[in-house]
Each structure stands twice: as C-alpha cells, then as structure tokens.
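Below: the structure, in structure tokens.
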Amino acid sequence: MIEFVSPTLDYALLAPILIVLGGAVLGVLIEAFAPRKSRASSQLFITLATLVLSLVSLIRVRDRSSSAAAMESVTFDGAGMLIQGSILIISIISVFLLADQENFTALAAALPGSDEERASLQQDLRVTEIYPLTLFAVAGMMLFPVATDLITLFVALEVLSLPLYLLAGLSRRRRLMSQEAALKYFLLGAFASAFFLMGIAYLYGYSSSVTFAGIHSAVIGGSGNDIYLLLGIAFISVGLLFKVGAVPFHAWSPDVYQGAPTAVTALMAAATKVAAFGAMLRIFYVSFAEAYWQWRPAIIAIALITMVFGSLVAIAQRDVKRMLAYSSIAHAGFLLSGVVALSKSGLESSIFYLFAYGIATVGAFGVVTLVRDSAGEVTDLNRWSGLGKRSPWVATAFAGFLLAFAGIPLTSGFIGKFSIFSAAYESGSTAILITGVLSSAIAAFFYIRVIVLMFFKDPVEDGTSVVIPSIYTQITITVSAVATFALGIYPTPLINFIQSSAAFLR
Amino acid sequence: MATNNGLVYLIALPLFGALALLLLGRKADKWGHLLATAMSAGSFAVGLIQLSQMLDREAELRPVTQKLFTWISVGSFNVDASLLLDQLSICFVLLITGVGTLIHIYSISYMSHDKDRRRFFAYLNLFIAAMLLLVLGDSYLNLYVGWEGVGLASYLLIGFWNQKPAYATASKKAFVMNRIGDMGLSFAIMIAFATLGTVSFSGVKEHSHHASEAAMTAIGVMLLVAAVGKSAQFPLQAWLGDAMAGPTPVSALIHAATMVTAGVYLIVRSNFVFDAAPTAQLLVVIVGAITLLFGAIIGMAKDDIKKALAASTMSQIGYMILASGLGPAGYAFAIMHLLTHGFFKAGMFLGAGSVMHGMNDEVNMRKYGGLRKFMPITFVTFGLGYLAIIGVPPFAGFYSKDMIIETALNAGGAKGIILGSVTLLGAAITAFYMTRVMILTFTSPKRWDDNQHPHESPALMWIPMVILSIGSVISGYLLYRGKAFKHWLEPLFEEHGEHTELLPPIVVSGLALTMVAIGVAIAVIKYQLSEIDNVAPEKVSIFTRIARRDLLQDDVNEALFMRPGQAITSALVKIDDSVVDGAVRGVGKMALGSGSALRETQTGFVRSYAVLILIGAAALIAAIWVVTT
Amino acid sequence: MNILSFLMLLPLIGTAFIALAPKTNVLLTKQIALVTTILVALVGIYMTISFDFNAKGFQFVESREWIPAFGIKYALGVDGIALVLILMSVLLTPIVVVAGWNESEGGRWSSKVFYSLLLVLETMMIGVFASTDVFLFYVFFEAMLVPVYFLIGGFGSGDRAAAAVKFLLYSLFGGLLMLASIIGIYVMATRYGNRTFDITTLSQLHTVLTPMMENVLFLGFFIAFAIKAPLWPLHTWLPDAAKSATPGTSVLLLGVLDKVGTFGMIRYCLTLFPEASKTFTPMIITLAVISILYGAFLAIGAKDIKRLIAYTSISHFGFITMGIFAMTSQGMSGSTLYMFNHGFSTAALFLVAGFMITRRNSSTISDFGGLQRVTPIMAWSFFIAGLSSLALPGLSSFVSEFLVLVGTFTRYPVAAVIATFGIVLAALYILIPVQRALHGPTTPGNENLSDLTLREKIAIAPVIATIVVLGFYPSPLLNIINPASQTIISQQGFSDPAPTMSEGK
Amino acid sequence: MSLDNYLYLSAILFTIGAVGVVVRRNAIVVFMCIELMLNAANLSLVTFSRINGTLDGQVVAFFTMVVAACEVVVGLAIIVTIYRSRRSASIDDASLLKR
C-alpha cells in the first residue's frame, strides 16, 4: 500500500499558466451569461487582459527556477520561461487578428449557404467562443514546453490541440474548406497523438518512470531494454514532429493553414510551433541527450529532407497561405538543426529563431487578412500583383517579412539563420550547414517572386483590394514589422538576455 | 647627362594648339589654322635652337634630358615622364616640325573650303605633339604613349571625312592593325622589365651586354612587330593603301614623311638590342627586303596616284628597315634615307594633292595626262621629287639609296649578294613605276574630259612644294658630304670594325644607275610611246590583277583573321545565351519542376497523409534501429 | 565621431530629409539628394587628404561592440585600397545624380523612393569597403542588393523585373555560399579560442586550418566574389541587369558594386586564406584570362550598347582579377588603380550612352549613325570614354592595364601574353560602335538630335577630366595604394620576381 | 504466462488501429480506429506498470481515458458538422484542399 503524499504547489511559478486557464474559464462563463451584444468586446478585453497579466506574472518570476513547482511534473527554468514568454507575446499580437470579426463564421452550427446562415449574417452574430478556445490553446502551449513528465506532456499536447481543431473550422468564408481543414487536422492530430501516447508507454516501460529526470537517469544507467527506448523515442518524435510539421509528418499543415481562418493560422503557425519546439528541445536535451548517437542521424536526415522539401514545393505554390505553409515547413527543418545541435548555443539560437520567426509569421498572416475582395480574402498569388501600387505600406511590410524569412541581413531572420546554422555546424554537422544554405537559396527564389508580383507587376482590376486595416490588425502588423527589423539591426539585448537565462534544469 | 628644360616646349606648343582648337570649338574657326601653324612653326624654332646648342657641344655631351615628373612608380617598376634629345631625335624633331609646318601652311589653302578646317588643324597639331613625344621619350613606355598617340591622330585624320563609310572603315582598319603592332611593343616592354628590370633606353642599353641573347632576341622580335605595324611593313602593310582616304596633306605628313617611319626610328633607337640579337636583326632585314619588293610591285599596278605613292612609300620604308637591319653599318643610312625620303615623298604627295586640287579631286591617273602645261610648278617640283626618288645623282635619293645598296652588298656572303640584288631590283622597279606616274600624269596626252579645268594651285600650296623640292635636291648631298651624317650619329652606335667591300662604291653606283635606266626605259616605252586608255585594261595577266588587288593582302587578312574572328564572335554569342546562361536557367527550371512534382504528393486525402505518417514512423524506427544495433 | 561613420551617416540624414519633403515637389527631392551626395563627396575628399600615406595598417579605425554574443563588432577602418574605392564611390554618386537628373521620373514609384534608395545604397557602398569586421562586411554585402534590386526593377527599362530578379538570385546564391564560409570561419575561430570576426585577428586563422578546410572556406568566399565581379562563367546576370537598369544605376552597379567582388578577393580571399589562394591561383588566372577574351568577343558581337558596355566590363574585370592573383606589387596596385579607373571610364561610357539613348529612345547601336555631325560634343564624350575603355596611353586606364600586364608577366608570362591580345579586341569593340553610331552618314531618326545640355556637360566633364589627368599623373593614387598592396603581398609571403637576366653570353 | 504477451497484443491492436485509419473511409470508423490505438497504448501502459511495479502507468491510463473522451467530444462535433454540410461522412469526399 503506497501512502498518499499531498502535493505541494508553487503557485507563483504556476501563475502564468493558471491565469490563462482562469481567463479561459471566465470566458466560458461569459458565453453562458453575458448578453450577446457585449460579448465580443468583453471577451476581447478579458483575453488581452489575461494574456498581459500572465506575461507580467511570468516576468515577476523570470529569474526563479525550480523543478519542484508541481511535484516534478513541470519544471520552470530559463529556457522554459523564455519560450512561455515568446508564446505569450506572439499570442497577444495574434489576438488582435482574432478581434477582426471578418475572419470568423457568424454561426458555426449553421449549414453553409443555408437561410439560417444568411439570417445569422444579417443579425451580425459572432462566434465569441473563439476567445476562450484560444486561451485554452495558449494555456496548453505554455504547459507543453515546461512539462517534465510524460502525463503532463500528453495532457498539455491535447489541451493545446483540441481547441485548435475547433478553431480551424470556424472560418466565415469558404466554410466547406474550413470544416475540411478541421476534420483533417483533427483526425491526423489524433492519429499522431496516438503514436505519442504509445511512445509514452514504451518510455515508461523502458525507464519505469514517467518523469524526464527518471528517463534521463535510466538512459545513463542503461539498465532498461533498449528496444523500448528506441520505440519510445521514435513514437514520441512522431508526435512532436507532427506538431512542428516536419517531413513526412507535414502533410496536414498546408491544407489546414489554407483552410483555417487566417487569424487562427497565424496562431498555429507561430505559437504552436514555438510550443512544440519548446517541448521537443526539452525532452531531447533533457531526457534523450545521452542517447543522442541513437536518434541524431535520423533527426538530421529529417531536418535535411524537411528543409529541401519545404523550399522546393513552396516554389510551385500559387496560394499565399499554402506558400507560407510550405515555407514554415522549411523553417521547421532549419529549427530542427537547433535540436540536433544539442548544445547551449543550439538552445539559445533555437529560442531566438523561434521568437523572431513567430513574430514575422504573425505579421505576414496579418497582411494576408487584409487583401480581400467581395468574397473574402484573396489568397491567389496572381491576384496579389501590383499590391505595391495599391497600398505601398502593406506591401512593404509583407516584403519585409518575406525578406526576414529569406534571411536577408538587417532582418531578424538573418541573425536567426546565422546563429542556428553556426550552432549546428559547431556540433559538427556540416551536412545541415550546406543543405541549409542551399535550401535558403531555393527559398529566396519564391520569396522574391512574391515581391516581384507585388512591386513590379501591374495591378489586375478584379476587385481585389486592400481593406483599410482595423486598428487591431494595424497594431499586429506594425509591432511585428518593427520587431522584425529591430531584431535584425540590434539583436544584442535579446541575445544577451537569452544567453544569460537559457538553460534546461535537469 | 645634361638636363635642358627647353625640351618640353617642343611638345607643349603643338599640344596646346590642339587642345585650344578642340576645346574652343567653333569659336576658333576663324583663326584656328593660323594658331596651329604658328604652334608648329614655334616648335620648329625651338628645335632649331636646340640644334644650334647641340652643335656647340662635344659629341658625347650632345644628348640632353629633361625630367618632367614621376609617371608610374610601383615597386621596382619606375617610369618617369622625361624627355631625351640626342643626335638621333633632333633629326626627327626637325623633320617632323619642319615638314609639319610646311604642310600646315599648305593645308591652310588646301582645306580652305572644308567647314571643319579647324578640327583638321587641331588633329595635325595633336599629331605633331604625339610624334614629338614618340621621338623624345627616354623610355620605351614614354615612346609607347607617343606611339599610340600618333596612331590616334592618324585614325582621326584618315577618318576625317568619316561620313563616307569607306573612309571610316579605313581609319578603323589602320587603328586596329596598328594595335597589333602596339601589342608587340607592349610585349617588348614586358619582357624588358621582366628580364632586365628596366624599360628606359639607357637602362636597357646598359644591360644589353650581359643579358641572355634569348631575351634580347625576344625583345628585338617584338620591337620588330611593333615597327612592322607602324611602318606598314610586311605582313601588317595592308592599312597604308586605305589610309590614303585621309586628306592629301595628311598622307604627305603622316603616311609618307613621319609617322610611318617611326618603325625605323624604333629599330635604330634600339640598336643596342638588335646588335645583341643577330636573329632578330636578320628578321628585320628579311622583312625589309620583302616589303621593298612588295610595295614596289603594287606600285606598278596602281592607277590611283595616291595609292601608287603609298605603295612607293611602303617600298622605300622597306629600304630603310632593311638598312637598319644591317647593324651599325646601316643605321645612319637608314635614317639618312628616311630624311631625304621625308622631303621628296612629302613633296610628291603635296604635288599629287595639288593635281587633285586642280582636277576636282580626281585621283585616277588614267584620267590625267598632259598636265605639264597646266600646272608647271607642280610639274617641276614633282619632277624634282621624282628624280630624287629614283636616285638620279645628284638628287637626294641617289646618295641615301646608293649607300643602302652598298651596305647591303657589303653585308657579306650570300646575305650580301641577295640583299644587294633585291635592293638593286627594287631600284629598277621604283624607277619604272615612278616614271609611269610622271608620264601618266604630266607628259602623256590629255585624257580628261572638258568639264575639267586643270589649273595651278595658289601660292600657299606651291610654296611648301617648292621648299620641299629644294630639300629633295640638296638634302642628300649635304648629309652625304664627308660622311657628315654618319659621324653625326656615330656616338650613338657601337661600331663593330670595318666591313669587307664586295664591290667598290663607284661600281655599285654604276649598277644602280643602270637598273634605274632600265626601269625608266621600260616605262617610257610602255606608256610614253604607246596609247593609254582612260580605263584600266581588263585583259591583263593574272599577275597584274593580283598586283592591282595589292597582292591579295586584304583577301589573306580576311580569310585568316576577319572571317574566323567573326565566326568566333557569333559562336560565342550563341554559346553565352544557350550554354552558359542556359545552364543557369536550367537550374531554375529544375528547381521549379521538382517543386511541382513533389507538390503532387499532397493529394488532399487524409488517408494518404496517414500513410505518409505511418511510413515516416516506420522509417524513423528503422533508422534508429539501424544506428542502435 | 569617426569620419567613416560620419560619411555613412550623411546619406541617411539626406534620406530622412527626402522622406520629409512633399511628394509633389520633385525638384526639392532632387536638390536634397544632390546636396547630400556632394557633401559626402567633399567629406570623402577631405578624408583622402588627411590619410597618412606611409602608415601601415588601417586608418580612421573605429570599433564598437555590436553583437558581443557572437563576437561581432561594428568595426570600421580603411587601408589605401579601401580608401581609393570609397573615394571612387562618393565621387561617382553625385555625378550619377546630376547625369540622371530625370531618371527618377517614369519609374514605378516617386522620385522620393528613387533617391532614398540611392542614398541608402551610398551608405552601404561606403560601409562595405570600410568594414573591417567580416560579419559587418557580409551584412552590407547582402543588404546592398535590396536597394539595387528595387532601383533596377522599379526604375529600369525593358524587362526590368526579370533582370532584377536574375541579379538578386545570382547574388543571393553567392552570398549564401559566403555565409556558409563565414559560419565556418566563425566556428573555427571559436574552436581555436578566439570568438571574433575581426579581419586582422582572423588573418592568423589559416595557420590552424587544415588545407582541405581552408580550400572549402576559400571557395565559399571566392564564388560569391566571382559572381559579383563578375568572372566567367558566372557573369550572365550582368548584361541583363546593365541593359535594364537606368544608366545611373548601371554606373553604380558596374562602377562600384562589382568592385566589391574584386575588393573582396583582395581583402578576404587573400588575407584570410593565403594558402588556398595559392592553391587556386592557376585556376583563377585561367578564368580571368578567359573572361578577358570572352568578354571582349561578346562585346564585339553585342547589338545593344548597354550590353556592349557590360561585356567590356567583364573583360576588364578579367584584367583586375588577373592582376590581383598575379601577386606582384605591379599587379596588385595596378588592379586597385584599375578598379578606380574602370569606375570612371565605365561611368563615362554609360552616362553618354544614357544621353544617347534618352534622345533616340533606343539602345540598339544600329539605330544610331553619323552622330558626330549632329551632336559633336556628345560624340566626342563617347569617343573619349571609349578610348579610355580601350586603354589608350595617356588615359587613366592605360596605366592600370599596363601595370596589371607587366605585373602578371613577371610571374605568369603566358597568361599575360594571352591577355594582351585583349587590347586588340578592345580596339575592335570600341571602334565598331564608334563607327556605327558616330561615323558614316547621319541615318534617319538622328538628324535633329540635340547635343548635350549644360547639365549633362557638367556631369560628364569631371569624369573625362579625371580620366585624362590620371592618365598622365596617377602618382597621387598610386602613393595611396602602394603601401597597402605591398602589405598584402608580403602577408602572402610573396615578393616581386627579380629581373631574370640570366647570363647567356 | 509471461506479461510480454500483453505487450504483443497491444502492439497488434495498435497496428490494427493504424491500418484501419489508413484503409477505412468513414470518418467515424477512422476515429474509432484511433480510439483503438489509444486503448492499445493504455494496455501497454498498464502492462508496463505491472512489470515495473509502479502505479504511474495506470495513472497515465486514466488520464488517457479522460483525454480520449474529450477527443470524442471535439471529434464528433467536427464530423457532424461535416456530415451536415456534405451529407456524407466519407473522408475521401473532403479533399478540396490539396497540392
């Protein structure tokens, strides 16, 4: 008979997560009780307030680090804090995109094209559930990278995934596509998490422990059955690689990115990637580090394939959102090189890259929400031609983000690429350096093509126009643009900060 | 060596003239030609002063230099912009400025109807300046500047009427063929620097003794290439004929008296190189001999008076080159012939110009005839020039050419025999074609139709002709008397003892004169005593035809260089687009293609995605498995 | 404030003013741009005067921490070579502004954009030559592409977008290879205990590198520079870009940007990887010689005047590269001087070509004819520019070209000899267009072209003056260049070959 | 009998589920196959818990059930909407998004 030890919780450290969850619950209550009119505004307010509050509380505890916050099941350390911080900041700026009601269906339950839907549109109904859903997802994302036992990891994964499945299906226009995206995301996500769970099982079987620390010591001890470890690492990786969208587990992302409401896509592409990579870094750095000779070749291979595949396919895309999706696949490849680096500089550069990339991504999708015609967003690239003439500033901002993706100097992307590749090379993998550089060259090809479309082609007169950005969207785009260039020109403060605090507590 | 700060004015005056006329533009139209003439004359005056000073000094003290400024100085490669005036260059200075001034004067009237006269005089002054720099530079690199400078001037002057496409082409041809020569000169300079570490005349001279013969030969051959290009010697002679496109005074000054003789100057100036490189020297002689006959033969076939004279120039320069290839024995005579030739050939060209002036620019001698009566002065001056060139004593040509023939014969052995006979044969042919020119133009019955009104040229034109003709009468004797000229130049060369005399001079002169007599006789029989029709006869021997086509020189060049060149060019243009750039475009296409191919993996079916994941998982397990075990 | 930083700051200030200027007032924009560039030029001249010829090493040095985490510094400084190139850049820019006074109109965007891009570009041009920190150099090297890209694509003519893209992709590709090498260096430097990008420190790195590693890193840099320079067979972007860009842009493109390639070869390839440089020298010299002849032949075959000039440049860059790798003081100084002179002679050619094209609305050579009779001054300017391009003695490019040839001959006679044939081809590729466009009867469409305006004269006069003056008196520049090139050669462990003069008699 | 058999069983169940996901068209069935995979994982967890003699495995199993339940909620919601708007639950019909 095992006697029950009452858990001791360090609420100060847990606060950031708890606050977000609390905000989410509050949101649900509002859905239940508040009058329909006031919901939108109050929900937005609560969401923002929650996130900001959570950020503040995170900053308050930034230099504490402990693995005992919740009985070993979550560990707060520099790296974790940084990742959580990035997630929060990215979420805040992408929430502004959510606020733009054009993005979401009026009544999720209504049939596409039914009178019901038309009525709901006329009444100008709005699904305000998106806010609590988002908060839940964010909570999951924040938990994911700090979880240090497999249960919490799994729960966090589901908590961040389930709301996203739903959000993906709530687009206002092209609802069939949106719902299809939701279905695909859900089925494949569940499929992947099944693998994930199986991985958990095997790791547990290997180490007879569910905590990272336990697994780590088991790996060192080498007592367990290596087959289990092998299967465990493989299955866990499947789950994680699926989330980050690495080849060949990437297939969902282009479809989902395209189908989902652009605001949600932004959140997925940016925040989810950060969270997933956070978790991946932690489990590989903390638990599997000593077994690196087993998994590293495989992960390197996947990284290379991912870079090249993403870049190549992106060239052939005709749709902005799909193009960005594939480019994000390519970036997943670059980020994986941070994972395989398995060094302090690898960790630091990954965190910087994640943050920079996330910000730029949100900004880019923010721009996408602006280019519309009567039937909603225009994502067909050919109809983007001449954007630079119509609305120079929006086009310039987008160009800026693209240059950042391409890694042109004086944008954040360049610093990120430089640091992450040098980290990978430092840890001795020349292949990643060469392939990374070459695929960046390929990638440049399509980023530039978009710039050419926007600036050097004449506008097509087919009603495509750039709507006057709502104040929210403006904030999003401006903030991301400024951040992107600031981090490109003078990244020192951030880098120093990351260097000083980025470390995993084992 | 003594320095003399006056030298720069020799060049500065005409250079100033050129710049002033070019920069002021139309403003200077009124007085431009006067300024230019004044500048040229001034330069001549300076030259005379320098000469008088030089005469006062001891033989070995005569050379003077002037350092203007440091031009290029990198590592051990140091070249000053500095001038050297010695017994050799002074001759050229006086020839250039003297004849030059006369031709300026002549041109004032000759070009009076041309609205671009100012530009013409600017070019003339530019040429004078460049040519002076050529002969005054104290190092091969300074010489190079003048060398290409005169090339530029001649390009501009040949193409002076470049609105006529043919003329424009002629000027281009001249420049390009000269460039080939210039290439030789730059090779020579490079070799000199690489082997001797210096490019100045004095430097090379002093090293010439202990440098390897191979190096000296290389330098010598390259210098010869340069000379060949500039002096229209075989095989780079083709441009001279076309160069007659330029106004006649230009032909007189540049393409008869001065520029084309620069090659001779270069070889004589580089005597120390050739003395140390017998092989190169032999080549020089051969080139000279070939060209001598080559030009002479062409000369026999030409009906265009200027082209005939041009051919004769080519042949006469052949004489000089040949002489300069004979070593110390010949240098002096080469220069001597150069000077006398300067007088009589310039004079004859001016005569030709005056004839054309009187015949509405008709150049075909078959449309002349009997002009003796209509332009007596021209006839007389041209006639004196004629006597000079064919070498009738006591006219200038006799002395200079006779010396060359003599030296050639005395070159010793088979070489001597061959060269001697070549030069003698040349003398005969020269006599023939020059007589032909005289007859066709002046003494034969008239063949021009009546809308022609031949008339004597104005004084401004015939005065220079007269002066030059005087020169062509007396200059030879003056230079010959008591071997004056030989002694004048001697300090510059290293005498290698006396040569064996194959034949006594008097016999040689006799031989020469007989050859000349034969030539003249044939010409008289063939033209004076027989009917000449005013169009070139068609039914002529293959040889004549070939001679008329300049011994196929252009055909050869086209076949050997032009067409292949064009072929290469067009081929490369294609290659650049299809292969080089094509490869680049190909890479782009490849990327795009593979992109669209991979794109197809995204079928849109959930189940296929699931399959991908499954495969991925399996692969992952396999990979880790492989590594682990 | 350090004079170099000041020099780089000035154009940015100008950009700020332009941004403030009202969109409607185009003239004001132009005036601001002109004044700024002239100021920069003056400061540049002042800097040149106050440069100490005899001192070795970098001068006007400035060094601040930029990204200490990676040991990256904002480090500036110039030696003779860099100084000369900066001088060239700042002198050419105002000339370009004056000459292309109306280029900014007829573009896709307002003049404000044009001149902002131009000024930003000027800042980067200075920076790329002035930086003594490899990373900083790379940042300028890449960032430079963006303004040029927009200048070509936005204000060019013809198929400008395609040309711009081709230019950008080519350069980016090279740049990324270089990035790989830079990362390599960075990691190596870190591994051997000194995490820095300082060029002087890194110049010692090669002592610890394996030959293999050094060669690979060298190639990364060299290919990037060979694309920029451009060297055969990586040149095909240049003709298109030059054809599509406005004359002014082309001047900056060929005159300044491409020099970054050759400059980089000296400053980075040689300094960082001396051994590898020696290893690859034969290959590079071969490529250079090919470029010389290949470029010349294509120039002869060119139908379009701008393409023609571009191809002549390819030939000239062949000379420059050859001189650099000849590793003699004549070659090195000659090449550097060549860079400067080529800047001006190409500027002259392109600007006059631009004048001709704007008048005739065509850049096809055969559309012109007999201009000498119609527009004598324009014709003369073109002719003189052409002469300097064919390196006529007495004009600036002769000195540099001859130095390169002599310098190469002393070590690689064969290459020098083959290259010398280029001077005959040069005569052809200049005189053919001269004959077609300027000589011959005036062809229809050219009868009443107007001659150069006062503005155009003002623009072209200083260029031609420079060409002529430097032809006769290059010493001032050579005095600046010589010590620097000496240093580099001695760093390489080379010394000029002594005269052979083997005793043969 | 040895506990390993349970592991083999769970492995087989997992595979069956995975294959089912790949071969079946009806969204509901596919989803059920995924549930099967989850439960296969559960079986392993419990077995390992028994082998290792620690309770964590069983705890995870409980968590898994809860999570699975949540997935069902979300999943069915999505599938139902799709069914309503498409009048078909075949996952192959939903393939507007491709390439």
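Going by the order they are written in, the chains are A, B, C and D; count residues from 1 in each one.
Please note the rule applied: a contact is a pair of C-beta atoms (placed from the backbone, for glycine too) under 8 Å apart; a residue touches a chain by one contact, two chains touch by 3 or more.
Listed by chain with UniProt protein names: D = NADH:ubiquinone oxidoreductase subunit K.
Since the model is a prediction, treat every value here as computed from it, not as a measurement.
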item: Labels of chains that are neighbours to chain C and to chain D; value: A, B
item: Intersection of contact partners for chain A and chain D; value: B
item: Most central chain, judged by mean C-alpha position against the global CA mean; value: C
item: Selected pair, greater C-beta contact count between A-B and B-C; value: B-C
item: Separation of chain B from chain C, taking each centre as the mean of its C-alpha atoms, in whole Å; value: 37
item: Euclidean distance of C-alpha centroids - chain A vs chain B, Å; value: 80
item: Between chain B and chain D, centroid-to-centroid distance (C-alpha), Å; value: 97
item: Centre-of-Cα separation between chain C and chain A, whole angstrom; value: 45
item: Of all residues in chain B, the ones touching two or more other chains; value: 588, 599, 602, 604, 606, 610
item: Residue numbers of chain A (touch at least two other chains); value: 183-184, 187, 191, 195, 254-255, 445
item: Chain D: positions in contact with at least two other chains; value: 18, 21, 30, 91, 94-99
item: Chains touching one another, given as label pairs in label order; value: A-B, A-C, A-D, B-C, B-D
item: Chain B residues within the chain C interface of the complex; value: 25, 69-77, 81, 141, 144-145, 147-149, 152, 159, 162-165, 168-169, 172, 175-176, 179-180, 182-183, 186-187, 189-191, 193-198, 207, 209-215, 565, 568-570, 572-573, 576, 580-581, 583-584, 588
item: Complex contacts: residues of chain B adjacent to chain A; value: 588, 591-592, 594-596, 598-599, 601-602, 604, 606, 608-610, 612-613, 615-617, 619-621, 623-625, 627-628
item: Chain C-touching residues of chain A, taken from the complex the two chains share; value: 388-389, 392, 403, 406, 408-410, 414-415, 417-419, 421-422, 425-426, 433-434, 437-438, 440-441, 444-445, 448-449, 452, 455-457, 490-492, 495-496, 499
item: Chain B-touching residues of chain A, taken from the complex the two chains share; value: 183-184, 187-188, 191-192, 195, 226, 230-231, 233-235, 237-238, 241-242, 247-249, 251-252, 254-255, 293-295, 297-298, 301-302, 309, 312-317, 442, 445
item: Complex contact set, residues of chain B against chain D; value: 599-600, 602-607, 610-611, 614
